[in-house]
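I'd like to ask you about the structure that follows.
When the chains are written out, they are named A, B and C in that same order, and each has its own residue count from 1.
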């Protein structure tokens, strides 16, 4: 399961049925869970003086697509799935079932919950705190420095079920409340209330998310999205969402 | 012409004088036309359950620069040219002479005409329909989901000769009419009339493209750009453009 | 110091203690200074008809991280540091101690001073002129074509000590004056006076940079940033900055 051309340290701890593709490199300080597949041209566990000495831990049944790069001292729960050429620096702590799209750039020193979805080409700045079931769409940047360059880092907080649409930025120290929606091409400079929409640059309050109607002919609200969008989530989680909305429908 | 370190499936169908660089991988379901050059560290024809079983077809006399990734079930006409590290997913159908700049991310399930130019770092969402001779500049995103995340995909339509300037997004379902210009850093939320300029976030009508004057001292209009910009297009096409404007000059 | 799997031309001129990682390629027309470290999966010195025949020159004590790509006919002073997957085209001339973050895309035919910092995923268009000690943050694009596509290239000029925040663009021909600050998510269409803030799309004058207060409890101004931010700069430069502000404090 390890290609002849791959360079895998004998110190790396690989689980059962781990697969490693051609021209990939696995450094010493790495733990990979059972059944995880690593594509070609990857580099895992790059040593770093900015880490805490802990290994890169990738949980079971993950899929790391080709040309991806992970540093040591980060950890990921089971079923991590990445696109191609993602870069993940040290001190990233993520839950289960994270998806990172192609070209994602996770700067490290951040916390990510369960079932989070990063679409292509997101930039997650240091000190970001991201809850569960968050969606971040392409070319979104989470910032941290209020007056760059400086030594002051004010990470952003993204609560559960938030969706941040394409080409938006979240400015340092901002909290985006549970279930809120950030419209595309926005710059969010102030905290956002739960279940509200903000949009524009600077982003302004546009109403409750519930007023957006699904364009599928159902005439139902598009938010909370967990009422209708279930693809890729575990059955027990989806069951809890169905139960949550049973009496509202 | 195939480097010793490259891994090329014996099932792949390679034309005459195809060149494949070091550390590149060519999977089974691939057809490459005569004279095409593949750089180093590429991966071509990644199998995908999201395809239709058809091969990755790359036409004759193409140039795929290093670190690029193509899935199976996409096809490209002759003279495809890419920058480095482009990613192209399954079910992309493109005409002749497409150029994809460095870091381009083509999400697949899209249609692209002839002589299209993507500059660096564009993101082409699924269900996009792109005509002939279109220009898309860096950090432009073509979106598709009107209320993310959802199962509703409304692709955008970009008609012939359109130019979309840097750091702009086109929102789901929008059509940009033939020859229109989208100014830089814009968010296009409504259809755009042919040969008009829109700009801003949300983008607003700014006038006819013909009012923009070339900054080359000629005092001529900068649009339609095919009147003055001919670099890289085939002679017969350029001749037709010259003929088109002969009586207007 | 050169990995067995690396492909290094015998014509390349490597200094003492140069290190080259696995699966990297060094072409003929390359000079690398003493002590420079090249990561894995890199490609250095790609031949180009758009160059002037001069070599790729990388100064002493540099660090090129993995998956990076440099063309011939560019030169960099000592202590160049890059992130992963940077792409640098021909005819880039840079001073000492340049830092290019992950995914940086330097289009070539540009001039860059000393001690410049590009954060992740910047796009430096051709004909850009960048002074000393400039900061450019993620997803910033420096443009050059006033009416794309055309053959007219009007590069931008970024003077010493300027900081351009995330997701901003600078339009063709614009000069950003010494010490100015461009706010995040801005589109700069006109020249910017030294030591002033501009922000928005199109960017408007927002005041003097000196009015921004450091959020570190010091109650001091955050700009000029060289008064308080010294990390990574050489001692003699930092000493000169300390001296510059001694009498103002």
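What we mean here is this: contacts are C-beta pairs under 8 Å (C-beta built on N, C-alpha and C of every residue); 3 or more make two chains touch, one makes a residue touch a chain.
Computed from a predicted structure; not experimentally measured.
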Rotation angle (°) superposing Cα atoms of chain B on chain C, nearest 5: 120
Interface composition of copies chain A and chain C: same or different, split at half: different
Separation of chain A from chain C, taking each centre as the mean of its C-alpha atoms, in whole Å: 28
Residues of chain A touching at least two other chains: 5, 23, 41, 67, 85, 103, 121, 139, 167, 201
Residues of chain A touching chain C in the complex: 5, 7, 23, 25, 41, 43, 46, 67, 69, 85, 87, 103, 105, 107, 121, 123, 139, 141, 143, 146-152, 154, 167, 169, 171, 187, 201
Parts of chain A lying in touch with chain B, wherever the complex brings them together: 5, 22-23, 39-41, 66-67, 83-85, 102-103, 117, 120-121, 135, 137-139, 163, 165-167, 184-185, 200-201, 212, 214-216, 222-223, 225, 228-229, 231
